[in-house]
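Scrolling down, you'll hit the structures one after another.
In what follows, subunit A forms one complex with subunit B and a second complex with subunit C.
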Partner chain A sequence: MTTQVIRRLLQTIPTLIGVSIVLVLIFHLIPGNFVDSNPTISKERATELKEMYGLNDPVHIKYIKWTQGVLKGDLGYSISHKQPVTTIIDRYVWNSVLIAGAVMVLSWIIAIIVGVFSAVRQHSFFDGVITFLVFAVMSLPSFFLGLLAIKLFAVDMRIFPIGGMTTTGANYEGWAHVWDVLEHMILPVIVLTALNVGGLTRYFRTSMLDVIKQDFIRTARAKGLKERTVIFKHALRNAMIPAITLLGFEIPSLFAGAMITESIFNWPGIGGVFLDAITARDYFLMLGYTFFIAFLTIIGNVVADLMYRVVDPRVRMK
Partner chain B sequence: MKKKLLILLSAVMAFSLILSACGGGDAAKPADPGTKVETPAEGEKPAEGDSGLNTEGLNKATDPSKAPATAAARKDTVILGVPAPSGVFHPAYEESSYDVWVNDLLFTTLLEIQKDGSYAPHLGDYKVSDDNKTITFTLKDAKFSDGKPVTADDVVFTLTLLYDKSYDGPSDAFAYAPVVGAKDYKEGKAQSISGLKVVDPKTVEITLEKPSVLSLDVFGATGILPKHVYESAYKPGDLSKMKDTFLNPVGSGPYTLEKFVPKQEVVFKANPNYFLGAPKVPNLIYKATTEETNLQLVQTGETDGDTFISATLDNVEAIREFGFADLMLNPTNGYGFIGLNHKDEKFSDKRVRQALVYGLNRQDVVDGVYQGLADVINIPQSKVSWAYTDEVNKYEYDLEKAKALLDEAGWKVGADGIREKDGKKFTITFTASTPNTVNEVLIPIAKENYAQLGIDFVPDQMDFNALLDKVEKGNFEMVFLASALTPNPQISQGTFRTGGNQNKYFFSNPRVDELYKLANEEFDLEKRKAYYKEIYQITNEEVAQIFLYQRRDTLTTNSRIQGFDTSPYKDFTADAAAIQIQ
Partner chain C sequence: MSEAVVHSNSVNAKPPTKKPASPMRLALREMRKNKFAMAGLIVLVLMFLFCFIGPMFSPYSMDDAMNIRNANKAPSADHWMGTDKVGRDVLLRVMVAGQTSLMVGIVAMLVTVAIGSTLGAISGYYRGWVDTIIMRLADIIMSIPSLPVLIILGAALSELKMDPANRIYLVMFLIGFLSWPSLARLVRGQILMLREQEFMQAAEVLGLRDRRKIFRHLLPNTVPIIIVVGTLAVAGGILMESVLSFLGLGVVPPTPSWGNMISAANSMIEFQKRPWLWIPPGVCIFITVVSINIMGDGLRDALDPKSKR
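Moving on, here comes the complex of A and B:
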């Protein structure tokens, strides 16, 4: 197992190099830059600043300079924040993780339950309604659902706060603070879960349907096992195997930040910061953050692979 | 099969019921049920801006008693909504306006911008020598928030920073304020800048290489840092440690920083040492808000006002319906224009350029986009500025005049109705960004207006940054853009001087160049006024750009907060020490 882990990790190196080359190249080609967007400075000053930030370097020099930094854990310097990119990511990403984590746990739980039921009762009324609702919610744009939720629950009924992460000016401490944050999380988490759960439900439903039709399930039923045991012990466990791969892929999305939803609910996450960086052409922040997510995606892949080996003996045999 | 169809049908019906319920609910509620609304009879409301609206100034709250309880419960705290500051709390490095608003409260500048954009003494007063090369600042008695006095040393320390080799902030001190000895200092040939002289603890004498009125934008508008606090972070040629001070700012402003939570809030406490007296509001909080919900936050009382609600008719009407909010509408510090590529041969004739202005119904465009919350402009200056003049051609929409001008210029209508000259058809490619609310209205109107003139107007729409790239390379004929306006009118020289840093349109007029040079060497406001007036008259007559519109900005405040007296140039922060809770 250890050798497999090491081998798999070594395999990621060329991928990472490839990704970094592509990213530096793409961001190099994007028109516009931060310095030129300041209309009040002279051409000389603009050139001087670009020189200082290394924006004038040819692409291969940019690449070498940047990778040297990355190897030391330095993702570059955010021009708009005047701070290292890692500081900026650290400042905002955990707020995004909080929301994304809650959404992930909730949507998986709901999706598994709903997916299993609609698989077991395939073509039933329940299945039909769920299928319809899932598609209906999925096809609503997040800004619409978000604004609708704010209008109904925050402005009209005033049950939940409109946005943000804490009550401004309240200065809560300890548990009161935790409760305050939870209260602010509810609406964005509900909206994101609603958008997320649809796809997952379909996934579990299909996977479950595949398993239920297999011979060993019939055998289990023939043995006289209780239906509950058959479904949850025998079928669900097997149906979950492909889901584990999915879990690996979810790692980067934990850190990616939901741009639109975060902005609607004024959640202080990384999504909005990244969007601003793109608009302002904050070169190293765009590059550094995209690379960070790419890195997590690759790691997520490795984790998915390895987990697959752990849970599925058939893969281990090969 | 039948069963499945039934299920589907019932589901669809159930969902459409939900939808229609939502829609019905919305239609039945003219406004939010949290506050009682006197419903004006439907249809009575005029389509454009309701009658009593003052589009250039204050609209008082009609019924302060409607104020939400949440806001009224805050007795010693004011919460203002602002777009999130990024945490660059250092006057030499502030990039975004929102960081500037934070620094305005934490630091004090030598001069203060007045409502008409001119400078008035603040922490200091200044005198200019006869040759306009020496500026002497005298400081008033003031203390930093830690109790130490503000001295000439602090001023010199702050300004020196801007000339440092490793300084990478947005201030272009060398171009604006060429101080004697600054180059030597930058190149490491001198230990200090000889042109920045401490005469006595209250007096600083600054010598410039050549007169520059722009230097006031550097000397007068940079918050003064306490040397004894920031000294340890400053090593000539290496300012990297300065960036570690951003979140621990110390200054002499009306407030001190209590807490900064990124993208959520900035909490200020009144500074008892403030030189104009401690602010009357003990706690001031900036809450980070976004366009999606800043209006609702005022409505529910989570904020006491917002600085950044966009000035659309919908928003303005909603705010006035709240009843408890004071709404200030100011012309924005910027304007929209159509840039012409003066290198393009067909635009080389002044008469053609003028015909393009006469022949475009600019009022239609502006009303279409802003519904009364914007004006057509004819010069690149805000009407509230001290430098403004209206003694220019108004270019009222006049199709016949436009046709006559084109005829005179030799563009004759051809067989297909399109004008031509020397065998060339009059076609204009209009480079436009999309999505863009102005272009959505401008393009169809311009296409129709110019078709009547016999000009084929061809829009070419693209992403905004792609458009900028084209403009940067001079690869365009006609383009819609917007530009910022600054309190100091001299800054627009970048756009209108030959070879200016923002002159992407190749506009060149020797008299304008000369006037900008003269204006920059003159500190007397009246004399400068005459120079700018002539500049505006020439840019208007020569059609340097097709000037389009100036829209509005809002400042919305719960009427329990009184004392804001803003203008496009004077930010709300200038009143932060004076506001009161009622």
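Moving on, here comes the complex of A and C:
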């Protein structure tokens, strides 16, 4: 197992190098930079700054400098925040994790329950309605759903705050603060859960349908077990096996932050910060964040792979 | 107990069809039985008619002069969806914007299919180092988060002050280009299996060229997968375009698209007081994407022998 883990990790190295080359190349080719787009900087100062941040370097020098930094755990310096990129990511990413974590827990619970029921009653009216709803939520653009939610629940009905993480001006302490944050979380969490839950439900439904048709389920029924035991103990457990690998694929989305939703709800997460970095032409921040997500995606794939080996002996044998 | 009976019924094998029909025709027959998928197809056709034929019935035209006195009117008998801040008819703009959005989705899909199926087929046919290189490339592109990269490239296009008319084509190409790897992988998998079959030995004996073997004998057998992935790619392309245009980085005015019409909601007054500016295009995106997804799913069921009911 250890050798497998090591081999699998070594395999990611060429991909990581490829990703970093492509990203640095993109950032090298795009025109405009922080210094030139800021009219308050004098000409002399501009040349100085460009020299300092290596904006005039040829592409291979840029790449070598950047990679050396990455290997030391340094993703560069964010010019608009005047802080290292890793500090920025560290500061904002946890706000994103807070939302994404809540979304993940909620959507897994809903998806398992709904998926199991619509599989058990395949082709029933309930199943039809669920199937349609699943497609409906999968087809909504995130920003449109977000805007609709704000319009309905925050502007018209005034049930929830419009955006942000805390109420401006109110400096709550202790539980009042927790409650305040929770209240601000509700709408973005609902929107993101809605967007997320469709695919998952579909996944559990299919996986459950595959299991239900197998012989051991018939055996379980023949033994005279209660239908509830058959479904939840025998079928669901087996249907969960492929789903475990999904957890690996969810790693990047847990940390990536929902760019669009965060910026619409003004939530101080890393995704929103990335969008702001674009207007400021803050290249190191953009580059650092994009690489951070690509890195998590690759790691997520490895984790999914390994988990699959752990839970499914048939794969381990190969 | 009754549960068990229902299940044993639903697993019943279908009686084999008597006449050997082509797989495509079988799939069509299967598809026609799926009411959901047919409804999706019909709605989609109606949406196309709405966008491409609809403007001909509109009393207004895209070349109408701006009419500030008529600006910001709520929906009425004259303007069914109201007017925008320079007095243009929103209904007409939604229809014309739909042409752009649908085009972007379709062209992006064509780019994906062209690159994905060709590279996938080459990769699966030649194997060896060609395969390694192409699949590594696919891995790399799949690991790069597409939305951030598209946003960055969109910002670069704005920086270059590109002509909006040409910009659409680049946006289509970029969206399509970033989504070819998953199709390439699927096609490659199929080709790897197909190339070992007997009909390929026959092709070998006939002394056919590689190009002919790949494009005439192998790829046509992967058409079902390409159709399913292609259908869903149109939906993905439309969604991607709408997000980019909403951020002002995709299709930019004066060319209207559903996404950039919704960006009217970025201004607080229009967002709160004039929902007729941004809700109709959003609903259009939703209806289109839903019907494509449902249709794609029906196609998958129809074309994939494993998922037969």
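Note that in this section the second predicted complex is superposed on the first by the 308 of 318 C-alpha atoms of A that agree within 3 Å, B and C clash if a C-alpha of one lies under 4 Å from a C-alpha of the other, contacts with A are read in each partner's own complex, and residues count from 1 in each chain.
As a convention for this text, contacts are C-beta pairs under 8 Å (C-beta built on N, C-alpha and C of every residue); 3 or more make two chains touch, one makes a residue touch a chain.
As the structure is a computational prediction, the values presented were derived from the model and not from experiment.
Q: With everything superposed onto subunit A, say whether subunit B and subunit C fit together or clash.
A: clash
Q: Kindly classify A:Ser142 by the partners it touches after superposition: subunit B alone (first), subunit C alone (second), both, or neither?
A: second
Q: Where does A:Leu23 make contact in the superposed view: on subunit B (first), on subunit C (second), on both, or on neither?
A: second
Q: Touching A:Lys213 in the superposition: subunit B (first), subunit C (second), both, neither?
A: After superposing on A, A:Lys213 lies in contact with subunit C but is clear of subunit B.
Q: With both complexes overlaid on chain A, does A:His123 touch subunit B (first), subunit C (second), both or neither?
A: both
Q: Applying the document's definition of touch, where does A:Glu44 land relative to subunit B and subunit C: first, second, both, or neither?
A: first
Q: In the overlaid three-chain picture, which partner chain does A:Ile109 touch, first (subunit B) or second (subunit C), both, or neither?
A: The answer is neither, since A:Ile109 touches no partner chain.
Q: Given the touch rule stated above, what does A:Leu275 touch, subunit B (first), subunit C (second), both, or neither?
A: second
Q: Return first, second, both or neither, reflecting whether A:Ala256 touches subunit B, subunit C, both chains, or no partner chain.
A: Touch status of A:Ala256: second partner only.
Q: Could you name the one stretch of subunit C listed in 9-17, 99-107, 117-125 or 153-161 that collides with subunit B in the superposition?
A: Here subunit C runs into subunit B along 153-161, and the other listed stretches stay clear.
Q: Taking the contacts subunit A makes with subunit B in one complex and with subunit C in the other, which residues are shared?
A: Residues 30-32, 123, 128, 132, 136, 143, 147-148, 155, 281 of subunit A touch both subunit B and subunit C.
Q: How about subunit A: which of its residues touch subunit B in the complex?
A: Residues 30-32, 36, 38-46, 49, 52-53, 80-83, 91-92, 95, 123, 125, 128-129, 132-133, 136, 143, 146-148, 150, 154-156, 158, 161-169, 263-266, 268-269, 272-273, 281 of subunit A touch subunit B in their complex.
Q: For subunit B, which residues count as touching subunit A in their complex?
A: Spelled out, the residues of subunit B in touch with subunit A are 4, 7-8, 11-12, 15, 22, 32-34, 74, 77, 79, 84, 86-88, 93, 95-96, 166, 168-170, 172, 174-175, 243, 246, 261-265, 267, 283, 285, 287-290, 292-293, 296-297, 299-300, 302-303, 465-466, 468-469, 472, 483-484, 486, 491, 494, 501-502.
Q: If you look only at subunit C, which of its residues touch subunit A in the complex?
A: Spelled out, the residues of subunit C in touch with subunit A are 3-4, 7, 10-11, 36, 136-137, 139-145, 147-149, 151-153, 155-156, 159-160, 235, 239, 242-243, 246-247, 259, 262, 265, 271-272, 275, 278-279, 282, 285-286, 289-290, 292-294, 297, 309.
Q: Give the list of subunit A residues in touch with subunit C in this complex.
A: So the residues of subunit A in touch with subunit C come to 14-15, 18-19, 22-23, 26-27, 29-32, 120, 122-123, 128, 131-132, 135-136, 138-144, 147-148, 151, 155, 212-213, 218, 221, 227, 252, 256, 259-260, 274-275, 278, 281, 286, 289-290, 293-294, 297-298, 301.
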